[in-house]
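Chain IDs A, B and C follow the sequence of writing; residue 1 opens each chain.
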Amino acid sequence: MKKILNVLCAAVCGGAVSLSLSISTAQAQEWPTDDVRLVVPYGPGGTTDVLSRRVADLLQEELGTNVVVENRPGAGSTVATGRLARGGRDIDHTILMASPGHTIGAAIFPDLTYDPVEDFVFIQNMIDIPNVMVVPADSPYNSVLEFVEAAKEQNMTFSHSGVGSSIHMSGELFKTLTETNLTAVPFSGSGAALPALLGGDVDVSFENIPTVLSHIQTGALKALAVTSAERSEYLPDVPTMNESGEYNLDQFITTAWFGLIAHNSFPEEATAAMQEALQEVMKREEFTSFVEQLGAEKGTIAGDEFKAFITDEVARWDEVAAKAGIRQE
Amino acid sequence: MMKFHSTGGALIKDPWDVVAGVVLLGFSLLLLFHLVPNYIGQPPIMQNPMMSPRWLPTIVGWLLLMFSVMMIIQGLLVADDAEDSGRRFERGPWLRFALMALSLVVYVGLFEMLGAVISGILATLILFIAHPVRTWWIYGLAIVFPVGVTLLFTGVMNVPLPMLPF
Amino acid sequence: MENITEVLQLFLATENFVAIAVGVVVGVTVGSIPGLTATMAVALALPFTFSMQPVAAILLLVGIYKGGMYGGSITAILIRTPGSPASACTLLDGYPMAQQGEAKKALKMALYSSVVADFISNIALIFFAAYLAKIALNFGAPEFFWLICFSLTIIISLASGSMVKGLIAALLGILLSLVGLDSVFGSQRLTFGNYNLMDSISFIPLLIGLFAIPEIIEFYRKKVVPHLRAKASGAGVSFSEFKGSLKSIVRGSLIGVIIGAIPGTGATAAAFISYGDAKRRSPHPERFGKGELEGVAASEAGNNGVAGATLIPLLSLGIPGDVITAIILGAFMVHGLTPGPILFQENLPLIYAIFLGIMLSSVILLFVGSAAIRYFSLIADIPKSILFPIVLMFCVYGSYAVNNDTFDVWLMLAFGVLGYVFNRTGIPAAPFLIGFILGPMFEDNLRRSLLIGSNDLSIFVRGPITWFFIALTVGSILLATYRFITSWHKAKQSAGKPGAGT
C-alpha cells in the first residue's frame, strides 16, 4: 500500500513525504523527497540494464532513498526517451540511462516527437565502452591501413548487432571516412554476430571491447585498432584509429557512452544532488571493479560538457545516417 | 463420397470456409496492391531483388492469394468434418456475451485511465455478473485479486502498472 | 586429487543449495504467471547476486532459468495461457488433456519430461561442450537458413485437418512477424507510423491473446455447461505411459540440445520442432492436438533440452545465445570472471562446481515441480465462471508487463479476437506461431547469406552441414507428399467401397 500512498502524495503535493506537511516545507526539503525512478530504455539483460541496476543499487545508498529500475523498451530507445520528454507525474524524480541509441535514434528516425538535446538535462556520463576493430585470426590483414587498401579493391563485409546500434554506425562511419566498399551484415545482437566473425563469414567488426576481449586474448580474433581517443588500458598494444593517420581516420573516435539524463524541467538542486551522489558512487570500490569487469572506462563528463558532447554526436550520426541511407523518410 | 453426406444436396458445402476464403482473398489483394507498395519502404539501390524489404511480404501475399482461392474451392466442394471442428455449439443468451465484450472494452479503453486496480475490479465484476455467479462471497474475489495481483506486480516484480486515476 | 577437493569445497556450501532451491522455486512461480517471464525474474535477481559468492550467484540465476522453463507449462496446461513463450507448444495437447479431466497426468508428464530433458541437456553441457561449441561456430547464415527451411516443413505435419488452412495460418504468421523495422535497411514495414510496432509485434501478448482469450470468449458465448471436475487428485503418469513416451522425450531433448547450442534460435522453436517430430513418428498422429500425452512430453523435452545447452556457447565461447544467458554473462563479469576458453584454463574447479550445481538443479526441479503440481492442479477444480475473469485479469496485467505499455494490452486483446476467428474458421494456431517465430529467421538468414556471399548462390551449398539440412528438408517434403498421397488414396478407396458394394 505504501506505493499507492506515495503516488497519492506525489500527485497531491509534488512529492512530499506526507500529506501533513505544508507545501512550503515540502519545497524547502532537500531533493529527493520520494523514490527515484531510473528508466532503462531497453529490455532486461543488456549492458544498459545491468549497468543501471548496479548504479541504482549504489545510488540508493548514497541518496538514502529507493531507486527503482524500470524497463521501457521500444524502437531503439526512442519510446522511453519520448515518454520522458513528454514529462508528467514524478518527472522531478525520474532519470533515464541514455546510451548511443539516444543520439543515433535521433539520426535514424526523423519524425521524433522530441529534441534529443534541448528537451533534457544531462546529469552525468557514467561509463564509456570503446569499440575495437577486429578481424578473424586467419585474416590476411594486420593493420588498419592494410585493411583499408584491400577494402578499396574488393568488397568486404562487416557484422553488426542490429540497424542503428553503435556497432553498425561505427562500421558505416568507417566506410564513409575511408571511402571503402564495406557491406553491413545485420545480426540480432552481438551474441549472434560473434560466431560469424569467429568463423570468418564476415571480414571485420567494430565490436565493444568487452564483448571480444577474451577472444582477442586467446588469439581467436585480431585487434587492428581501438576507436577511443587514447589507447585502451585493456588492450595497451593495440593502436588507436588516430595513430593510423591516413584516410581521415583521425576523425574516427567513437565510444559507447552510458549516462543519466532527465527531463529539462528537472530541478537544478536535484541535478546538483544527483551529480554529487553519482560522484560518490563512481568513487566506490564496487563501482570501480564493476567498470573494470565490464571492460569499460569511467565517464568523465557531466552537465554542460556532457550536453556539448551529445550535440556533437547528434550532428555526426545525422550525417552518417544520411550518407549510409538508413534514415527513415 | 461418405464424407459429403451431411450436406449432400447444398450448393455450398461449407459456407464458413467460403466466407473466410473471400475475406482472405480480399486481404491478400489489399496487401499486394496497397499495403506493400505504400507501407514498406524500399531503398533505391539493391544488388539483389531478394534483398528488398518487399520481397518476402510480396511472396507471402501471392501465396495467400493462391491458398485463399483454394480455400474457397474447398469450401464449395468439401464439407467439414462435423465431429472434428467443435464449431457447432448451443449459443448462450446474448446478454452474457455482451457483458463479456463490455469487460474487454473496460480493459481496452479504461486501463490507463482508471488504473490497473479499478479497471480490474470493474471488469471482473462484470464477468461475474455475466455468468452469473450466485455465491455472494465470490464477488469479494473481484476486489481481492486485482488489488493483490497489482501489488504483486508493482511491488515484487517491479512492473509499473498504472495505479490510480489521479 | 587436489582439484576434486577444491571443487567440492566450492560446491558444498549451504549458500549454493539455498541459491539453487530459491532459484528453482522463484523460476517455477514466475514462469507460471502469464506475462512474467524467467527473463524478468533473472534480471530482478541480478542485483542480489552482486554480493554473493560466484558459484551461488550463477546457480541462483540458472535455477530461475530452469524453473521458469518448466513453470510455463503449468498454466499452459491448466488455463490455456502459456506462462512463458516456450510452453506455447505444451498447451496444444496439455489443455485438451486438462479438459478431459487428466490435468494431473499432463502436469506430471510435463514435469518428468522436463527433468529428463534437463538432465540430458546438462550431460551434453558437461561432456560435449567443446564439441558442440565447434558445431555452433560452423553454423553460419547459410547453415541456419537450411535449418529454418527444415523446421518450416514441420508446419506440414502440424497442420491437422486441412492442409490449406494450415499453410494460410503459417503465411499469416510470417506476415505479422515482418512488421517492424527492416533488419537490413532499417526501413519501416507495415508499422503505419506506430512507434510501438517498430520493434515488431511482441510475442507474449500475441501468445496470450491467441490461446487464452478465445477460450474465454467461447465460454461466454456458449450456453452454461455444468463444471467438469478435473480430478485434481486423479491419476498421475504410470510407468508404462512414461516408457511409451521416453523415445520422444530423448529425441526432443537432443533436438533441444542442438538448438540450444546454436545461439539465436530459442526454446520456443525447439519445442515445436520436437513436437512436430514426435507427431510425425507417432503411429497415431491424428490424436496430437486433442490430448495426446506424448505431445506434452515431446514439447516439454524440446524446451527444457535447451536450458542446459544454451550455457554451452556461453561458457565455452563467451557468447550468450539468448537474453537470459546474456544476463548470466553479466553476472559472471560482475564477479570478475569472463566466460570463454580462458575460464576453463584458469578456473576449472569453479566451472565444475557450477556443473555439479546445475546437475543438482534438475533434481530440485523434480521436487519443487511435484509440490507445485499438488497446489496448482487445484486450479483445475475452480469453476470456469470464477477462474476465467481472473485469468483475463492476469492476461491483461501480464501483457502490460512485457514492455510496460498499454499498447500490448490492446495487441493481446486484438490477437484474442483473431484467435477466436481462427477457432471459428478452423484455422489452426500452431502453424501460425511457427510462421511467426521462423519467418524472420528465414528472411534474415537468407539475406545474411546473400550479403556474406556477395550474391553468390553457391554459399548455400558450401559445406557438409548445409548438405545435411538440405537432405533433411527434401526428405521431409517427400515424406509428407508421400503420406498425403497415400492417405488421399485410402480415403478415396474407403469412400469408393460402399458405393461400389451396393
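In the analysis below, contacts are C-beta pairs under 8 Å (C-beta built on N, C-alpha and C of every residue); 3 or more make two chains touch, one makes a residue touch a chain.
Note that the structure is predicted; figures quoted are calculated from it, not measured.
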item: Between B-C and A-B, the pair joined by more C-beta contacts; value: B-C
item: Chain at maximum distance from chain A, centres defined as averaged CA atoms; value: B
item: Gap in Å, rounded to a whole number, between the CA centres of chain C and chain A; value: 32
item: Centre-to-centre distance between chain B and chain A (centres being mean Cα positions), rounded to whole Å; value: 39
item: Between chain B and chain C, centroid-to-centroid distance (C-alpha), Å; value: 23
item: Junction residues of chain B - those touching two or more other chains; value: 41, 43, 158, 160
item: For chain C, residues contacting two or more additional chains; value: 40, 44, 182, 184-185, 187-188, 404, 451
item: Where chain A touches two or more other chains, by residue; value: 70, 325, 328
item: Touching residues (chain side chain B, partner chain A) in the complex; value: 41, 43-45, 151, 154-155, 158, 160, 163-164, 166
item: Residue ranges of chain A touching chain B (in the complex, touch as defined); value: 1, 3-4, 7-8, 11, 68-70, 325, 328-329
item: Contacting residues of chain C [partner chain B, same complex]; value: 30, 36, 40-41, 44, 161-162, 164-165, 167-168, 171-172, 174-175, 178, 182, 184-185, 187-192, 216-218, 220-224, 385-386, 388-390, 392-394, 396-397, 400-401, 404, 406, 409-410, 413, 416, 423-427, 439, 442-443, 446-447, 450-451, 455, 491, 494-495, 498-499
item: Chain A to chain C touching residues, read off their complex; value: 43-46, 49-50, 53-54, 56-57, 70-76, 78-79, 82, 108, 111, 155, 157, 162-164, 183-189, 191-192, 194-196, 198-199, 201-202, 210, 213-215, 217-218, 220, 286, 289-290, 292-294, 325-326, 328
item: Touch list for chain C against partner chain A, complex; value: 39-40, 42-44, 46-47, 50, 136-141, 181-188, 193, 195-196, 198-199, 263-264, 313, 317-327, 330, 333-336, 338-342, 403-405, 444, 448, 451-452, 454
